[in-house]
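Next, two complexes with subunit A in common: one pairs it with subunit B, the other with subunit C.
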Partner chain A sequence: MEIVPKIHVRSRLREMLVRLTAYVTIVVALVVTLFPIYWIAANSFKFDIDIFAVPPEWVPKNPTLKHYDEAFIQRPFLRYALNSFLVAVGTTIVSVCFGTMAGYALARFSYPWQWRRQISFWILSTRMMPPIVSIIPLYLFFNYFDMLNTKSALIIAYTAFNLPFATWMMKSYFQDLPVELEEAAMVDGDTRWGAFLHVALPLARPGLAATAIFCLIISWNEFLLSLIITLTEQSQTLPIGIAGRVTQYNTYWGEISAAGFMACVPIVVFAFMVQKHLVRGLSLGAVKG
Partner chain B sequence: MVGSASGMSTAQLRPGGGLERWAERHLRVLMLAPTVIILLGLTIFPSIYMFYAAVHKISPNPDVPWDFVGPGNFVRLLSDQQFHVALLNTTVFTVLAVTVEFLLGLGLALLLDKYIRRLTFLKTMLMIPMMLPPIAVAITWKLIYEPQFGVLNEIMYRLGLPLQAWAGDVDLAMFSIIVADVWQWTPFIFLLMLAGLASLPVEPYEAAALDGASSWRQFWDLTLPFLKPVIAIALLLRVMDALRLFDLVFILTGGGPADRTKVLSLYIYQVAYRFADPGYAAAISLFVLFVTIILSTWFMNRMRLAD
Partner chain C sequence: MASVTFKKVCKKFGEFVAVNNFTLEIRDKEFLVLLGPSGCGKTTTMRMVAGLEEATSGDIYIDADRINGVLPKYRDVAMVFQSYALYPHLTVEDNIGYPLKIRKVEPAERKRRIAEVARRVELDTMLSRLPKELSGGQRQRVALARAIVRTPRVFLMDEPLSNLDAKLRTQMRAELKHLQHELQVTTIYVTHDQIEAMTLAHRVAVMNKGVIEQLGTPREIYNDPRTLFVAGFIGSPPMNLIPGEVKEGIFNSAGFRVGGFARANISRAVLGVRPEDVHAAPVEDDDVNLVAPIYSVELTGENTLVSLRLGGQLMTLRADKNFTGQIDEQIGVKVATDRVFLYNGETQDRVDF
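Let's look at the complex of A and B:
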């Protein structure tokens, strides 16, 4: 009779200790995660002399918008951002339109000789292809057709990895929908296409929105292909503009902090918009969160 | 699964134009065709073209015709020291970064699962790094690593430790790249592991507890086997991503110092543009593509991902 409460006390103490460790870990993880983002933001609002201060100025004492003026008014960062935006939207429209249809087909139809499995597999494997391996042919190809330094070339190149992504995402969302509703619509006289358009598509709307936002993020963040294809501010994207201010002789810290922080802001907004779909989006629909 | 048969029968019931009926009958092909054609054009065509480029010596001057060199570019791979260094660096980076991210992500998920499950807002905050543009991440860490006024050296100074050049130091450059990558991608493993843990069944654990199994035993015999599919997907995606590392290296070190962080993507880029030898770059690219295909096929087959 004496031992029982003793164990009870010990296990409760242990549980409290675990709980405490967990909360401390959460706080530490938050600080480690958010500090770098805070730091780039803080530095974008400092005068150059305060950026170089030792010890570092943890909170800007004389906040200024000087670097935002330098980057977005005097230098063409607004133009870069606009290019990024247009390319991202173009890629997203193409990828989501075709990807939704293909995803639906792979989720619902049957094909002879295991083609459904083979084609799904092949589409996924194109997503695994490292972009660096396609830069040589893409460069030579765009060079041949005089398309280097155009936004259309970027949209074509980005579609190569956004389309397989959109296909797999939509396939996974359509597989979650009950078939019966579409069957009922067809019994009522709707065509197969009609059932897709009027029944499945509206039901998959949250998935469609999440897929589109992920496509926007992927395109907005892309760097390597843009580095190869673009040459001037007519088509250069935001990451290229930022990298261009890290030169051999000088790094324009204020400017790149301002532009870098501005490149992050829409992404953070998007992250919260798709928070329910993060697991699925980041695992190409393979894990359903 | 709704077969095409039901689609056909309803189409025949409805009056409509011949074209419309034809489209309805071939819907399963028509809906898939655009994606397949686009992807064929964007992946198969470049691969063949790349093979064609790899057996030529290509001059940066577009007016000079390509010079057929046969397997010459592939033979060069065997003796090219720089290529071997890049291959080694990519391997070291991939193994170390993914291992650290995996252990850290899994450990955090196991510790925090119970406490963070309902704190969606907090969870999303922790997920932010992996969504950010890699270039923005790179300049952020460049600022932190800055030897003169960077935050990291300030911390070293306060702790009484020797100041370092970090990304500019021969021995610490790769370490610096890995730390930045771990910062960005541990949340990814953490997120997927949390999703895996949330889908665990309850009954086996109740049975194990009744049998008096220790929590360590429960982890090895129950949690880990249940998590295996999610772990495999997480590792596959991380490894594929690590193999293509470019942005961080491009900004933080440019491949230096002394080629210590020169990874395959960066080397291909340098060969193609700085050394103006696209034919040889194509040969290296084919090698990378080959490795990627083998790795991803092996992974995906094992996990039967395509279902």
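Let's look at the complex of A and C:
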């Protein structure tokens, strides 16, 4: 009678400890990731003098929309945001379209010898060098075609960097889908293209969503290529605009915070929209009884 | 309605020969079963008819049309996959209607035909469900309904019952047989389950290592197995295959003697006899072929399976359900000499005498 409760107590204590550790880890992770966002959000509503207050002013005491006015009305941050939006969406559409088709081809078609591996590796290897290496050739290329300071140049450059990842993500997604589903569609009277469109693609929706958000984030946040390729207000993107507020004489922390906070919003909204697709499991129940 | 003809068909995957010089004519309206162990090439053979694999050499015809290189969609065959391969994002109704939709059948006509086959396979109350909301047996029916919703020239079925539990399998087997009889569509059915093959087929092609070992009606295959492989594969429990030697017409293996093989002398022989052709007899009878101790006694209900120790192996006989022998008890055995088969252990072929 004595032994049973003892073991019982010990295992409950252990379970509590495990839970406690898990919660503490989660809280630390949340603070580390969310605090900077909270901090720029808070700063964007403070007067310049309060941003550097000691001790720190955790909650803005005299909230103001001054910096939003400066950034989005007086300075062309709306223009930058629009540029960012067009470039990010354009890049995402092109990358996901081509990445999906390339990924499908790599996942499904048969290749002589080891070509599937070779081609896949070659595609990925284009991401292995640092982007700075390709900047000068890209600059000369766009200069030659008179495409500097255009959004299409940015879309082309970003697509070149996003496509390998999009291809690989979609490839692994298609490889996880049971091939019999497409075979069944073909025997049922579909072409290969039809089977891809009617069966494989709808089932790969979670993969498409994940790939799209990945491409969107990368292009939305990209700084280096945009800095080199674009010089005019008509073509520059948000990160360049924000960085531009660090000037020779002054750093406009308020404007930077306001623009930076607003730059987070679209990505968060989009992530919420595709959230349910990011969860796997649509193809459960397809095979086996 | 159509016949399917294979002419010297080979299929290689790299160096591996999956199907070797395969020649077979499947008649119109026939239910042909390709039977064999896994890896024998039976599924590959079927997939070549569907157009999911291309023959490396040889020709395949449906009726007079040579179908090598023809896209699956133009072959007009329907296939039931082992995994059912239901489209998980479509409802039962859309799954069944998929082949019609692809063929641009009018929505009204489509609906009518879906309702008709759904009633036939008893799915009419589940049309709006998704595959994941169905039981294994129901999914199997959806797969079947998708195949019969149009009238293809050939049905292909790749182990369609293997994912069902034993009871449901027996039931679906009967339904499949009835359906094929009713629809009168040429059917190729792949299985490794010899009971399915025996019960369903008009003819069975027993395959091993990419070739047909024997082609015949289930009765022929069972009563007249022409190779050692077929003898061992067909029957449950399987045929007793006892290695030994034949000297001057008498087979001998560890005290088990069977006579009557005129003139034969074979140093490596295998004697085959089905459990139901081996009978228990009193030990003191003069004409018993073997006296051996009982190894185990298993009552199956309709009869009793008795295993005897014979040299290093077991010999099974099917005795009456009232058999009373005990383990380790010595019993005598008589075999029906007109029901034994003798095989050459080297060539694996039957020796007729």
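Going forward, the second predicted complex is superposed on the first by the 238 of 289 C-alpha atoms of A that agree within 3 Å, B and C clash if a C-alpha of one lies under 4 Å from a C-alpha of the other, contacts with A are read in each partner's own complex, and residues count from 1 in each chain.
In this section, contacts are C-beta pairs under 8 Å (C-beta built on N, C-alpha and C of every residue); 3 or more make two chains touch, one makes a residue touch a chain.
Keep in mind that this is a model prediction, so the values were computed, not measured.
*Asks:* Per the contact definition in the header, classify A:178: touching subunit B only (first), subunit C only (second), both, or neither.
*Replies:* A:178 sits against subunit C, while subunit B stays out of touch.
*Asks:* With the two structures laid over each other on chain A, which partner does A:53 touch: subunit B (first), subunit C (second), both, or neither?
*Replies:* So A:53 only meets subunit B here.
*Asks:* For A:76 in the superposed arrangement: first (subunit B), second (subunit C), both or neither?
*Replies:* After superposition on chain A, A:76 lies in contact with neither partner.
*Asks:* Under the stated touch criterion, which partner chain does A:199 make contact with: subunit B (first), subunit C (second), both, or neither?
*Replies:* So A:199 only meets subunit C here.
*Asks:* A:189 contacts which: subunit B (first), subunit C (second), both, neither?
*Replies:* Both partners, subunit B and subunit C.
*Asks:* Looking at A:244, would you say it contacts subunit B, subunit C, both, or neither? Reply first, second, both or neither.
*Replies:* neither
*Asks:* Specify the partner with more touching residues on subunit A, choosing between subunit B and subunit C.
*Replies:* After superposition, B is the partner touching more of subunit A.
*Asks:* Taking the contacts subunit A makes with subunit B in one complex and with subunit C in the other, which residues are shared?
*Replies:* 183, 186, 189-191, 282-284, 286-289.
*Asks:* Considering only the defined contacts, which subunit A positions touch subunit B in the complex?
*Replies:* Result: residues 18-19, 21-23, 25-26, 29-30, 32-34, 36-37, 39-40, 43, 51-56, 98-99, 101-102, 104-106, 108-111, 117-121, 123-126, 128-141, 143, 156-157, 159-160, 163-164, 167, 179, 182-183, 186, 189-193, 196, 217, 220-221, 223-224, 227-228, 238-239, 242-243, 246, 251, 253, 256-257, 260-261, 263-264, 267-268, 270-272, 275, 278-279, 282-284, 286-289 of subunit A touch subunit B.
*Asks:* If you look only at subunit A, which of its residues touch subunit C in the complex?
*Replies:* 178, 180-181, 183-191, 194, 199, 202-203, 282-289
*Asks:* Show which residues of subunit B lie in contact with subunit A when the two form their complex.
*Replies:* 1-4, 6-7, 10-11, 13-14, 16, 23-24, 27-28, 31-32, 34-36, 38-39, 42-43, 45-47, 49-50, 53, 62, 108, 111-112, 114-116, 120, 122-137, 139-144, 148-151, 154, 157, 183, 187-188, 191-192, 195-196, 198, 230, 233-234, 237, 240, 243-244, 246-247, 250-251, 264-265, 268-269, 272-273, 278, 281-282, 285-286, 288-289, 292-293, 296-297, 300, 305-307
*Asks:* Where on subunit C does subunit A make contact in their complex?
*Replies:* It comes out as residues 50-52, 71-73, 75, 77-79, 81, 83-89, 98-99, 102-103, 130-133, 135-137, 139-140, 146, 156, 163-164.
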